[in-house]
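Some structures to go through are shown next.
In what follows, chain A forms one complex with chain B and a second complex with chain C.
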Partner chain A sequence: MEFPFQWTLLWTDRMIYLLLVLVVGFGFYVSRKEHLLAPWRQIRRRPFAMSALVLLLFYLSIGLMDSVHFRKQLPMTDTSKALQYDPEVLSLLDVLLEGLKNNVEKTYSAPLATHAFNKQMLEGPDGTKQRIYPRLKYGGAHLVNPETDRWPDLLSRVGERAVFGIGIIVLFYIWVMLVLSQKHQIPPKEMTRKMIRGETETAWRAILLTAGLVFIVVGIAGPLSTKYHLFGTDKVGQDVLYLALKGVRTGLVIGTLTTLVMLPFAIFLGISAGYFRGKIDDAIQYLYTTLSSIPGVLLIAAAVLILQVYMDKNADAFASITERADIRLLFLCLILGVTSWIGLCRMLRGETLKLREMEYVQAAKALGVGNQRIMTHYILPNVMHLVLIAVVLDFSGLVLAEAILSYVGVGVDPAMISWGNMINSARLELAREPVVWWSLTAAFIFMFVLVLAANVFSDAVRDAFDPRLRGR
Partner chain B sequence: MSQSLLSIQGLKTWFSTEGGIVRAVDGVSFDIQRGETFALVGESGSGKSMTALSIMKLVPQPAGRIESGQILLEGEDLCGLPEVAMRGLRGNRMSMIFQEPMTSLNPVISIGEQIRETLEYHLKLDAKMARARAVDLLDLVGIPDPNRRYDEYPHQISGGMKQRVMIAIALSGEPDLLIADEPTTALDVTIQAQILDLLRRLQKDKGMAILLITHDLGVVSEMADHVAVMYAGEIVEMAERQAFFENPRHPYSQKLLSSLPGNKQRGEALEIIRGTVPALNQVFLGCRFSNRCDNAWERCEKEVPQWHSLETGGVRCHLVDAPEMAREAEKLQENISKTGDVGVSGMDHEKSTLLQVSNLKVHFPVQKGLFKRVVGHVKAVDGVSLKIDPGKTVALVGESGCGKTTVGKAILQLIPQTEGAVVLENTDLSTLSREALRQRRSDFQIIFQDPYSSLNPRMLVGDILKEGVKALKVEQAQDDDTWMDELLDQVGLTPDAKDRYPHEFSGGQRQRICIARVLAVQPKVIICDEPTSALDVSVQAQVLNLLKQLQSTYRLAYLFITHDLSVVDYFADEVAVMYLGRIVEYGSVESVLGNPKHPYTQALLSAVPQVDPKKKRMIIRVEGDLPSPINPPKGCYFHPRCPKSMPVCREEYPDLSVLSPSHETSCFLYSGE
Partner chain C sequence: MITYIIRRVLYAIPILVGVNLLTFILFFVVNTPDDMARLHLGMKRVTPEAIEKWKADHGYDIPVAWNASAEGIQKISETIFFKKSVRLFVFDFGFADDGRNIGADIRERMWPSLAIAMPSLIVGLLVNITVAMLIAFFRASYIDTWGIIVAVGMMSISSLFYIIGGQFLLSKMFRLVPISGYDEGINAVKFLVLPVLVALVGGIGSGTRWYRSIFLEEIGKDYVRTARAKGLAELTVLFRHVLRNALVPILTGVVVVIPLLFMGSLVTESFFSIPGLGSYTIDAINSQDFGIVRAMVFLGSVLYIVGLILTDISYTWVDPRVRLR
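After this line comes the complex of A and B, so read on.
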């Protein structure tokens, strides 16, 4: 049997799947160890952290949907009998947002607008030429009298959806409550009271409120975005909301894959330096002090330019633009990883220097336990909390770094949709009168919510894992 | 009756934690008169430090709060005072010194400035007068050359000096009450004797009252006028010193006194208090001590004992109004102590030395400059010789910094030795290759001081036990894991312990796990590096009993490294006294402790506070601190502090003088013999 599409596995996709497997494996491992689970329980109780987690999961699901790529089969032509596939690589998210993706206007239009942003010379039905704001092809196209009908139409759509959404949410809340009351053997009435007052072990109130909010926003925005351009359109008429949603994956990839690249360096070198000391320590310290004295941006710019030259010379090696952009993204992750392991490495070295003198390490040596086992079983588990804290804290910094690097021009491929590229292209339009503000705003809102959620969550993680703050 | 200086009525200090409310101090009442020393004794976690912090109103916020009660300082209730008013009182009317002098001083301000600061604040002196006064204070607390020391920083002075500076700061406001929270616990015995001396002298001169908080009954017996024993947040007994030591009324006090190791108990098991202090986050229905008390009967479980006032204090126990129960309990107690007896006598003596250490030296290079040039050596261990027979215990005694722990680690080959030989059953360990050494490792093992840092917190107890067995491929009697159950049973733990993590155990239990870990590889020699000094007295007795019993079962040889001479007296067969990397006196316990020859040993022994209040001892004052091992004094290392030093002592290091087959010392006083 043949599918009408071909599954395409991009390099970053593979890395994301690998990371997902690692995270799930780690989660499974943790769930079986009581002492590792305890800090996570503490996080579960914090309402803000749980709200942040819900938002992060929402972003993650968008990112994951955008990481399943395939190419459509082209209709058979008579000239060649072989199967042919569309050179454009699509993702699951593209299919889901097909309406958004294909509702392309001519050029700029403001959010929720029905008319274009610029005047255009148009020929009227009577043959006269006029310079007017033309009607948009898709935005508000169903309205007969846009000037009078737009707001009532918007309000009725939003209101209808909101009422409908709230209804579903309440039903969902009741279902969750019933499930929980079953699980904890608490009568439903008592459970409801506890949940409303926020007295449950897990911060269910915060989780449900955030999830409800996300659901209603998606529920309203989803259908509405096929009728209007919620965040307007950009220079070439693409829907900005679509761009912002596609930017999620780029941000997540940079934030997570970079740590995947960085961790082996930081952990291996940091622990080796601290544990063996002497010459090995000197060599590793020399390496990272040298590396940290080169400005990171220059290193990244140089590496990206080298790659660019290589790709230009070997243009045939890449089947599609998407693949090309993807390699560049992966390379950016690599080079960011190579420049950002120093901080964690230094911290791990210091901690290892302390741990190697701990009596349980001495005792292990006295018992004849080998160096390798001491490093993996005695030191690594005891510095894992530092690694975790560093990873979560670095995430938001890396998302922002992508935006900055793309803005400077050494970030992701210009063809790749990312928040940095959105900001970069919006830069020039900020000088316009009236100003084109929506591209920047959309990128800002999406980035802000992600970074804020990541920061709030990482704060909770740090508090939970910091031994000084931990109540015995 | 004149008004007490400090009167505490029904003080309750509670903490809100995740596990509920912890009643750290739960209804404590006592009075302190002017000029007296009131000692608050108890094990860790009994709430004694929290009582002191409550008096100063320094209870950690926001978790802790003073729930109820009165703290009357000359009739004025401190509980109602705002923080601003308290600040005026602290340091002025009452002040406090803490346990850890190393961390109590600000490292970036000179010590003189730190004293002057308090003086300017409390006495409103101008800068010049304050400086003069600060120099006076430094002089008062016995710091030599106070004018020069004024400008020195905390890292330039020793621990004993720091504690003196802390006392000077505490005294700067001329307080009526000095709260001393374990003031000498972190110090060596000779320094402890100096500090206690100083406190006594200052008290006499200034007529100041001291609230002394300690767990060391020896210190109490030397210092206190009144004694109060705290247990689980309550005072269980209060008495005058003499009455307390002669006739303790509460079963807990009795046990506490009898669990102290010493010469008298040699060859028999120590009295132990079974179990541990109960968690304080519960409401007690009966006596808090009932689960550990040999006297407990039905009533103790059901009824909270009331405070019974006696002539010089009081006691909180049902035995007071039901003395007939005590007699029955006494019989019971006899039975217990008989069954708990451990036979160490009647062991066959095989005359083959198990471990022989000869002329062991460990020098650490001191490096300086860009190219790490070696500019000198820290002679941590400088020629130590020892020998241990199977089934015997050799104690290595000395103050902190004398190199005794380094000796232990060098014997285990954890630190490379510079010179000398460590011969275990005819093999010199220092000549073995890494792999050959690894295979021998099961024969010699170590137990560490701190049970909290000597177990990997990320490993199950069962895995910890298996670790050495796997690494060394030790054959166990059974193939499955039943050997672990037997081992755990032997050290007094239940088999389910192997599926738990170390943090679920108390300090004493963890030390048992450490012992089990070592036993799993079936060693012949165990180096015990202060195995009991981090534990409470009652738990210390449990661990010592266990070690003793294991020794007789397996004919283990112990090298017992400690600073606690009473433990040595109880436990060891031979003792080596170490000073600055060298052994100054070596011999059987009877001869060295009973008839010390070297002036340092004599001083060390005399400085140990005695529990027996009748035995008045002459303290041989040792001035100053341990010199630096980078640059030891010329001649005999001890001569700058020695009360009997002679001209020859400054010139060369004395040779070993053999006083008897079981007693030798390095001192010129005996070089003619």
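After this line comes the complex of A and C, so read on.
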């Protein structure tokens, strides 16, 4: 059977899939080892951390949906020719948000507006020309009389869905409660009491409340966004909510792939330096001191400038703007990785220096275990907590760094939708009269929630895994 | 002490050589001077003559690393590597694409950068330490919990929003200070208030949390218990004992950035149109002036290494147990 689309695999997609496989594999491995599970159990008890996790998973699902790319088949005019595909690369998220993506107005419009933000010369039905605020093509287009109908319409839509959503959530809560009471052999009444008071082993109250909140917000905003522009439209009339949602993937890619790229270097070099000492240690220390002595932003700027020249020179190598932007994103992850592996490498070196003198390593050596095996089987498992802490701590910083780099002009490709690009193009809007505030607000909210969730979760991970903090 | 410093300075040389080689490879080997010329003259329809002329004007019309046609020592010195990279070692930065002397520009622009970075650092340090001290004093209470929650929340906001928000609130809505710009001498103060304030608010979240964890670590130590057992008041314990001992880890973080203050902040300076080194760099990045970027990379590395040496020296000053040999 022929599908009417062609699956397109971007480079960052591949990396994301690889990362997903690694994470799932790691999770599977951990779930079978009791001693590895203990710190995770500790995290499970913390309500803030679990709320943050729910939010992170929500962002992750948006990002993953935006990482399945394909191109539509063009309508065939000549059956003898080979199949033709649309050059525009779409993602699953684009399909889901088709209404948002295609409801493009002419220019700025305020959130939930029915009329454009700027006056325009229009011809009235009687032939006279007037400067008025024209009706929007999509925002509130279903209203006959927008001035009086807008708020009642909005209220009834929101109210209806809120009641409906709360009903579903309560049913869901009851279902979870029943499942849990079955599993733990606790009577439903007792289970309900425990959950409401937050006395369960896993912080179910926090999880369910956050999930419920996300569900209601999505349930209300989803259908509403096809009728109104919830966050208004930007200069070229694009729906700002759509842009903010597309920015999720860029943020996640920067935050996660950078770590994926840097981890092999940091782990390999850090452990080698600490284990072999001597000349190898000197060489590796020289390498990272040299790299860390270059100010990070400048190294990134220099590398991205060079990449730009290279891309301009080989412009034919990229099939579409999307692919070009994608390669640049991957390269940005690479170069961010080069500047950010040093801290972890230094830490691993120090820890390995300590571990290699421990009795169990000395014993292994005396028994004739090879260097390679000692490093992978004796030292690596005992420094993994450092790696994990570094990974989660770096994430939020990298998401914030993307915005700044895009502002400086050395971030992601200008054609790529990212929060940094949104802020960059919107920063002059505050100087307008009246103020255009919604693009910045949308970028702010989406970024703040992601970074806050990441910060809270990484704190919990650090507390659970850092032996120095244990028991505090 | 003197021998230690001399040794550290000698250690710096191979590192600077490495930085230099790295930037050289990045700028000249990955992309040839021809590519650079084409970039500046526009990609399409550039005549070879125009490229040759651009290269001659900017001193790129010589071999990259080895000049076979020259005589004696000039085989090495008449090359791009020697002229553009080795000369950085004597702080001869050459000329920018618009013909200005980079070294003179840097000397002139470093003062506005310093005028904004120095007060930001000092005010930030004082406020962060004070707030962290307060939170540590009220540890394990509601003030502590909420302090941390607010700090994590403030940490999660991009610095760009602090700048945009600060400019909007203080300059546009309340019209207290000019939105951006810079002036010489004492007139600069009114332009500096907002950037310093923004830097303070933007850094208070992470700063407070970091100092709080340092203080709490010190508070858990035995000498603090001894001090309390002697009957000292909690405030005396905090200020006379904990603060002084906490200075060691605080210094590690602070002294290393002091030399880098000369470099300024890219984002702050460009938002507030301050003619410092940060905006100099950002302009160079945007106009793709590789000479300036290369000079700034080299300068940044030198200052970073100076910062590391200063950190070591400052250790002996706050912690008499440390001896540098």
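Operating definition for what follows: the second predicted complex is superposed on the first by the 467 of 472 C-alpha atoms of A that agree within 3 Å, B and C clash if a C-alpha of one lies under 4 Å from a C-alpha of the other, contacts with A are read in each partner's own complex, and residues count from 1 in each chain.
Heads up, the rule we're going with is that contacts are C-beta pairs under 8 Å (C-beta built on N, C-alpha and C of every residue); 3 or more make two chains touch, one makes a residue touch a chain.
These numbers come from a predicted model, not from an experiment.
Novice: Tell me which of chain B and chain C touches more residues of chain A.
Specialist: C
Novice: Going by the contact rule set out at the top, does A:410 touch chain B (first), chain C (second), both, or neither?
Specialist: Only chain C is touched by A:410; chain B is not.
Novice: If we overlay the two complexes on their shared chain A, which of chain B and chain C does A:370 touch? Say first, second, both or neither.
Specialist: first
Novice: Which holds for A:83: it touches chain B only (first), chain C only (second), both, or neither?
Specialist: After superposing on A, A:83 lies clear of both chain B and chain C.
Novice: So in the superposed three-chain picture, is A:141 touching just chain B, just chain C, both, or none of them (first/second/both/neither)?
Specialist: Neither partner.
Novice: Going by the contact definition given at the top, which residues of chain A touch chain B in one complex and chain C in the other?
Specialist: No residue of chain A touches both chain B and chain C.
Novice: Hey, which residues of chain C end up touching chain A in the complex?
Specialist: The contact residues of chain C facing chain A are 14-15, 18-19, 22-23, 26-27, 30-31, 35-36, 38-39, 43, 152-153, 155-161, 164, 167-168, 172, 260, 263, 266-267, 270, 281-282, 285-286, 288, 290, 293-294, 296-297, 300-301, 304-305.
Novice: Which residues of chain A touch chain B once you look at their complex with the stated criterion?
Specialist: 34-35, 358-360, 362-370, 373, 377-378, 381-382, 471-472
Novice: What does chain B use to touch chain A in their complex?
Specialist: The touching residues are 17-18, 409, 412, 414, 438-439, 441-442, 444-446, 448-450, 453-459, 467-468, 471-472, 501, 503, 514, 517, 521.
Novice: In the complex, go through chain A and note every residue touching chain C.
Specialist: Residues of chain A touching chain C: 286, 289-295, 297-299, 301-303, 305-306, 308-310, 312-313, 396, 400, 403-404, 407-410, 423, 427, 430-431, 435, 440, 444, 447-448, 451-452, 455-456, 459.
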